[in-house]
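Two complexes, one shared chain (subunit A), two partners (subunit B, subunit C).
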Partner chain A sequence: MNGLDLMPLFRGLLWTITLTGGAFLIGSVLAVPLLLARRSRVWLVRFVAMSVIQIVRGIPPILWLFIIFFGLGMGFLPVSPFGAALAGLGLIAAANMAEIYRGALSSIHFGQFEAANALDLGRWSTFRDVVAPQAFRVALPTAASYLIGLMKETAVASTIGVTELAFHGKQMSQLTFRGLEVYALVGLFYIALSLPVAWASRAADSRLRARVAR
Partner chain B sequence: MLPDFTEITAWMPDLMSGFKISLQVTFFSLLIGIPFGLVLALGVMAKGRVIRAISLFAVEVGRGAPALVLLQFIYVGLPSAGLMVGSFMAAIAALAWNTGAYTSEIIRASLLSIPSGQREAAEALGMKRLDELRFILLPQGLRVALPALLGFSILIFQSTSLCFTIALPELVSRAYEIGSITFRYFPVLLLAGLLYASISIPAALLVDFIEKRAGKFASR
Partner chain C sequence: MIASDKTLIRLNGLSKHYGRLTVLDGIDLEVKAGEVLAIIGPSGSGKSTLLRCINYLEPPDGGTITVDDIVIDAGNPIGRAALSGLRRRVGMVFQSFNLFPHMSVLRNISLPQERVLGRSRKEADARSMQLLSRVGLADKAEQFPIRCSGGQQQRIAIARALALDPEVMLFDEPTSALDPELGLEVLAVMRELAKSGMTMIVVTHEMGFAENVSDTVMIMADGNIVEKGPSKEIMRNPQHERTKRFLRAVHDR
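Coming up: the complex of A and B.
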């Protein structure tokens, strides 16, 4: 691999991490109201939330970025490539995280709710003290593997000109005519990036598991 | 902001022919990718160390690298090694690799979920390994794997949109082209999104339904 200047790839790596972290943060926060709406007592609210989740997940990420960057960006609401990517991927992450939260919540035995009710805990207290700590542990491994998936998804941001890893890979392969090596390297960077997340998730999971082990 | 009727009729033929290419790429990627996944799953579980290492490498790279990078790797990378590939072939090769890597994990997990007594019984009956796989393990394993495989198929259908980056004239490319000519990006991209959603949303609901039914069978 001699003769290749790897600095651009490292600069791209930084943007990939920023974009992934930002979108994941937006997603995990926005997912909470979406989840609450999804479990609302009013069927109309429930239906709207479900439709939003299905529509967001039903359209490919690249098209979302195009709709935001070219569709809204040209005229209605000028937006930078990074802003468009952050908004689009954040939206997608919110829909997916809402489903992950929902899965974790439904894994909690209804006896827990009944017990909380019998102890006369309020709705908020039931959520904070009983449900959330248990659901968090269940959601963690799924959320971590989604984070890795999201990190790979950020590669589509290169198509609207965000200078992240895949973008620099493309530029470098066009400059050097060594696509095979460059893209092998870029792929390796992505894999290397996912390793610490996978490791941290496994470590956290086994630690949390040990705490509730009987 | 929304497309009007004349626009829709003017754009539809172009979009539909792109849509057809998206569906073709999906079909061939799954047709090649899922059997490839089975082979990789068996390879990862094989006794031979070399076979296991090669299969594991193919799975980890196919899953670990973004589909976009796999596409570029095959489309841009292979010609620089002296092997020319068209964008359609490159798309199928990359997405089939991606499919194989993911489905191998799904299939492996479902094969491992079969109680070991089944395998022991097959051995006790003197079945050959291939017969054991064909008549005992696969019929039970694939039933478990089916919802996950279908769910993944929807993701691959959506992943065909990435072929935009290797100049395959599929749905996103067509929509983008129309947008760049007419400067009506928003309506045409919305229309393309509607076409994607018209397949992925019903398919997702169907997978949910099958998953629930499969769960009911398992809990009986």
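Coming up: the complex of A and C.
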């Protein structure tokens, strides 16, 4: 690209990766208590968890960021643009990952739980040795495609001033008046990010499938 | 031949309901150490539920279960220790095998020994190999269950249960998911197990096994015991009309 300084895009790329990774990590971890609450024996806990999941998933991500940054952020709980984006996207990821985990768990045959019970493996071993490895394999492709979706979703953070990839793309296009070239380049950056995730997920999946085909 | 006079399992007034439906209507049963009991009867008679109540896969609503020195009063909530004690004395084999598909055959048998009995990996693997040889599958140790036939998977499931040194083995229609030939290799293993003196309760539709391998046969219908006695007597000369009707239906197939 003659005359275009690509450094801002690389700086933006770094923030996009940080935001994606951070939100995915928060989501993957927070999803566990959320899932446990959703499967609780107490009706009220189950109801609250289900409502949280529905509300979080039902509101567009951009609105969540506005609520956190402009709503809570102005006055109640001062928060940086990056902090607001991380919190919002982390919350959304948690709700989605909880559903992915739930789907993976429900795909496990009840006979597996019965066998574990009959053998007296106990709760922890049943989870760690029997349920989690099988659920992981089922969740892996869905989680990977969600990760790619989340990566693209981080572009909304530009609207509250997080200097990630889309933010720098917009800035650069306004400075240079070369919108087509700039945004095509930004698009290539996003594709370059998603390819390794898709590739790694497919490789892991076929590796696991070859060993554990059912 | 029952080797012992010691009563290993005693059920008193065991009952189970699903809503208004009575599945077990106060079952009294004694099984002696070394006895092989076959439970036969039509579908929905409660025979599988009875088996699953004995190791608390289904919690019964009432009655008592005694296995060896463990006594459980089904009316009260069961404690973790009593449940563990019960399940360690009782091994179970399922109709659908329920092997862990993500573990090798060897790992399927060794892992429970390590987790439940605290055996080292080396000890557990040695015991697993010994049991795999016993069921004729030592060459399958490193395979995954999916690479084994149904009959082989069921023999592996038997080895897995035996590895925890249970006092009694429960079999829930162990050959019903298998074609007749594969069923035979499982029955051969069960026959050998019976000869070795293992106490066994077998819910089955295999009338040959009931007549020739088991010591005692019990017929169930509608959550009750219809008839129970020495296997040859029951199978050849049933007293009860319900038993006659069931056996006639089986033979007419």
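Methods note: the second predicted complex is superposed on the first by the 212 of 214 C-alpha atoms of A that agree within 3 Å, B and C clash if a C-alpha of one lies under 4 Å from a C-alpha of the other, contacts with A are read in each partner's own complex, and residues count from 1 in each chain.
Rule of thumb we're sticking to: a residue touches a chain if its C-beta (ideal position, glycine included) is under 8 Å from a C-beta of that chain, and two chains touch if they have at least 3 such contacts.
Quantities reported herein were computed from a predicted structural model and do not represent experimental measurements.
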Key: Combined model on subunit A: subunit C and subunit B, fit or clash   = fit
Inquiry  = Tell me the contact category for A:196 with respect to subunit B and subunit C: first, second, both or neither.
reply    = neither
Ask   = Given the superposition on chain A, which partner contacts more residues in subunit A: subunit B or subunit C?
value = B
Partner chain in contact with A:57 - subunit B first, subunit C second, else both or neither = first
Message = If we overlay the two complexes on their shared chain A, which of subunit B and subunit C does A:117 touch? Say first, second, both or neither.
response = second
Request  = Please work out whether A:133 is in contact with subunit B alone, subunit C alone, both, or neither, and reply first, second, both or neither.
outcome  = second
Ask   = Between subunit B (first) and subunit C (second), which does A:76 come into contact with in this model arrangement: first, second, both, or neither?
value = first
Key: First (subunit B), second (subunit C), both or neither touched by A:158   = first
Query = Given the touch rule stated above, what does A:125 touch, subunit B (first), subunit C (second), both, or neither?
reply = second
Note = Taking every C-alpha pair between subunit B and subunit C in the superposed model, the minimum, in Å, is 20
Key: Partner subunit A, residues of subunit C touching it in the complex   = 55, 57, 83-84, 87-88, 90-92, 94, 96-102, 111-112, 115-116, 144, 146, 157, 160-161, 164
Inquiry  = Help me check something: in the complex, which residues belonging to subunit A touch subunit B?
reply    = 54-55, 57-64, 66-67, 70-72, 74, 76, 152-153, 155-156, 158-159, 166, 169-170, 173, 177-184, 186-188, 190-191, 194
Query = If you look only at subunit B, which of its residues touch subunit A in the complex?
reply = 1, 60-61, 64-70, 72-73, 76-81, 158-159, 161-162, 164-165, 172, 175-176, 179, 183, 185-186, 189-190, 192-193, 196-197, 200-201, 204-205
Remark   = Within their complex, subunit A touches subunit C through residues 109, 111-112, 114-115, 117-122, 125, 129-130, 133-134, 137, 211-214
